């Protein structure tokens, strides 16, 4: 467990290595947090839920950090409004590194004696940190990708790992299928309980929608045709004047985009990304197709390559039958978000290793675009 | 069909009979439309989809009304922004009555010769008008209930038809159940296709939550405890400083409310109403219970009295398997709203006669409160 | 005084005679009040400041009207937020007429016995009502002019009374001049005290800027050139996408406008109107000219025809030396507005007879456009 | 001139010396700019208006910096929206220092050969940089003073240099007085032309209003009494729930404040600061006094100590008679702000040495509070 803890903590630091100090500080929009904040908040988790609860006479690194770096746990005290994170120049990056070092040292001393119950909490904390590692990538991309100088994050970063050639459909017969995690290893509460559902037969595409296909949608005035859109999506397109994926820019008749490797021409063979649920649904409608439900996705997922993009589904994020929130502050982890959000399945290029499985339920509000998401189609 | 058409059209007029001319005009918030607008919009439906399509050389009553009274059908041309309806003093109420008379006369002449296809469209139009009849009640209540003089709508209007005494639970066994409408008579596209689902066993309460129970929740600081609320609900409570149902006012230690019969003391035995999905869910959490899914509701509904309040469910408004939008403008009727809304089941005191059935799926955004809705609980 | 009272009260009613009942109710933007509200608010003035103060045992027409129709007198109790006036369908128009009749009857009985002090208050009340008569015209224009049907108010209403032919300049020598009212007859506190000021020599145009001149400004991209605008004006133009005077619409290569007589082609010889201070200042800059100060205007005003448009000046609305607010609620009449507003001088086609004089100081916030205002130029 | 240039440029750097790198980046509200931005923008001035215009073949340090660091000169190209400055993590602080070094080196080489015309432009640039030095202090205070940790800027920084003991009034006789700068040395265009005005007699206080006096105003419910406030001020107090000066916090029955030296108890003898024009005017009204006009201030200023606080006046920021904007981009310097702002006179503890004179006209919008401003009273 000590090794596992160390490996995951180190990865957070490695992700930030290419940054300048100034990049750690800013918060261009409320959904994007400063990298400095992610590093401190994941550290606060250990101090709040493990060290201060289970280490006798544990002395917190700083008395105000619990207030500064609590993200949303309403049961453990007041917190800094998400909107204001980007106004906090202090603590400095160096102070945050010192905070991490302090907490890691304490954790390494504590872990060998941790009880089974605490080990399960540590597992949760490590998964929590992995979730923030994905956010580090996407938030860094937002910060650098909205800077007028378009500085690259890492020039050899690959946002697409492989190109899919086979665009055919997999046919799944009607039947009863088991959904959810069997709890033999770590999983989140929202993946439970495993249960059976009835599915009609359906056909799902092997490959994700490509940039080339998406450009066809744009060319065919997909963003101008109200009949393709949900009512709320159409209002969103018009209010924010959306006409292409996030990070895309037209230039001399071609589409360019900001990627973590820098500003570059859009490659038509790669899977499209940074599109909202609304755009994914409108694209599917335009194509005469539909998005899969999260259950269809889970049932078919052994038969296609996934892991490059979080895949929009047409399922609302709701509890499975018999779902119960864990007791205590940790109970706020997932349950309180089960409204107004849609499920995304799979994983992306920014998902840390060993943090994906076919039962994993990611979720975002329908207009959000800054994650590495994508589109998989089902036949109507 | 002529008789049925006439009966439904007359009811719209009867609902408005107690109004003063000035009441027909105002729109206090975007979700509430002026009564005048409802009367004209339901009339526009006949002109747009029936008369102008199927009556040779039909001359529209006024060339600009199609623009003024289109509510949301993006495929039939530009429309007046919902927000601006309350700024339109013209056409006057008398002109709208003349518009209705003109269209009714034309419809009565046309109906005897209508084809089977058109008859189905007329059925849709009548159901459409019935939906606006319910909105007439709730919008009139909002207009009069937000006037500092609190004028009654009708002094003998009853918002509660019967008091429920039996608060016990019905137990439904685990099993496979059929959901949706069998299409033997009129139903909306969103009730199709009828399909089987698996349900675990559950227990659902016979009665709705009462005002008295809800007052206990308020007294126990239910509106102040973040752990009871969804994250979005907690943000909503704080942004709008919500602390009681819509239309409730504290006065000398008691709760009063505006009802269609006027300003009066809250009766603790009546079922609570005018609470958002967020409030319904927080109340259920506080009670150690949960809201039913729309499927549980439909399966159990033969065993309890319903029809006084639209009942919040924990189901997102999504298409049933195999759902397909009808072709043409009528296809915009339901499908485009299948995002960000929650399903309510049952019917209310404001629902017109013969416009309710156990498969009916009503839907609203989670914060909305101006409908006659209520809370039914399931055991966790 | 009884005759004078009656004549002014009747004029308010005459202005409203062409309206439909529905026109009395709406409030399309916060600055525009419903005509019904003007009729009630001017009546409330008599009840609040005269009858309830000076008539023994006076019984108010309705106990809640003081709350509903107080516009801004913070010292006499709570008031209905200006924003919400358009949501009040009650009291009805007929009830407001009854309120006026009741108060007028009481006033007619009371006036013969009124003391000198009260007579001065009545004079203020009559001037107050005249100010609302001008607002009745401009608010009615806004309500009908923002209705998609563009209903005329009165087909023979003339917004321009005479065409100015002489565009030459009047030269005023440097010197000391007296400014302000000599208080020999009624005037507002903001016109006092009369005092001397030093003015350098200046040249002011005899005529107002015409529609034709303003069209040149538009054609020369006046709305697109930031160097012509104040910084706040440029932000306003861009935020609200302003590109022409209020009520102007381009149609087939020509400019049309809504006037109280209906929708019509812009007449190039008439004086331009419905332009904000920002537009007036940008136009002057474009022309190589400047706006007069309110003092220059007052000094020169005997030498040009005025009274068709309120004329923008480059003077901020500030107290004259030695200005003191009157005691009591009436003290709120003018002084509290002496910030963030610019002075307009003269009078307009909507100003009631005998309600104008060369010392009169009108004032509005710089972006506002719904008054009948205009532009007079000075040489730089 | 080289020495003068160097001295002023160095002061900007000295002001920033106590900062952490992270402090240079953030922008908590639109009016407050990141210190990094001030350092770059003042450097851009030299590159844009001097080096690129007057040095043959001058090569800009970076092709995009003109876009990034133009604050408001609309005539020299597009600019980064003021709102977004705080989202720009790049260029880094080190890159900005390199930019400054590059431009300074070029300027030092160029200055000896500069023509008289260019020298006047350099003088303007140095005064421009001094204005930003004052903003550096006030913006740094805002950034650190809104951080929950309240880090001091410099523990020995003195916001008050001397305590005033004499609160008596100076009496100035009625008469004609000269106002404005005589242009014998550097001054801004808005101080011209010098001209005579008539003033009635008046009495102005020798000392500024103290914290102790202001606490009396708070205790007497000054923030709750609408009759003390301008109408726009009252709306502002209520919208933003203002109840004390900026940076003040109640704690255990006493008032504390954040100062550049850290969090400390309010000293009642010091002059109050960080109050808006609205608060200054309401305080004066409460005291039965009034604010001076900028002309009264200028006439009396030789007879009282000033320089600790920018002093609110009751004069709107308007051009003096005969004012003309300079030609070219420099013409945007002052003239475009002559609307919606009030004049402040004097200087503050944050004003650089030799950047103050009695004719200097500072100006801000009425609600702004983050400058070191204060209140001087006149008798009514």
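Things worth noting here:
Note that the chains are named A, B, C and D in the order they appear, and that numbering of residues resets to 1 at the start of each chain.
Going forward, a contact is a pair of C-beta atoms (placed from the backbone, for glycine too) under 8 Å apart; a residue touches a chain by one contact, two chains touch by 3 or more.
Each chain and its UniProt protein: A, B, C, D = Ergothioneine biosynthesis protein EgtB.
Every value quoted in this text rests on a predicted model; they were computed, and no experiment measured them.
The chains touching subunit B as well as subunit C do not exist; no chain touches both. Using the average of C-alpha coordinates as each chain's centre, A ends up farthest from subunit C.
Computed from the mean C-alpha positions, the centre of subunit A lies at a distance of 44 Å from the centre of subunit D. Inter-chain centre distance (subunit C to subunit D, centres taken as mean C-alpha positions): 36 Å. Subunit B and subunit D have Cα centroids separated by 57 Å. Those residues of subunit A in touch with two or more other chains do not exist in this structure. You'll find the chains touch as A-B, A-D, B-C, C-D.
Touching subunit D in their complex are the following residues of subunit C: 72, 74-75, 176, 195-200, 226-227, 229-234, 277-278, 281, 314-316, 318-319, 321-322, 324, 331-332, 336-340, 342, 366, 380. Listing the residues of subunit D that touch subunit A in their complex gives 20-28, 36, 64, 67-68, 80, 84, 86-93, 143-144, 146-149, 151.
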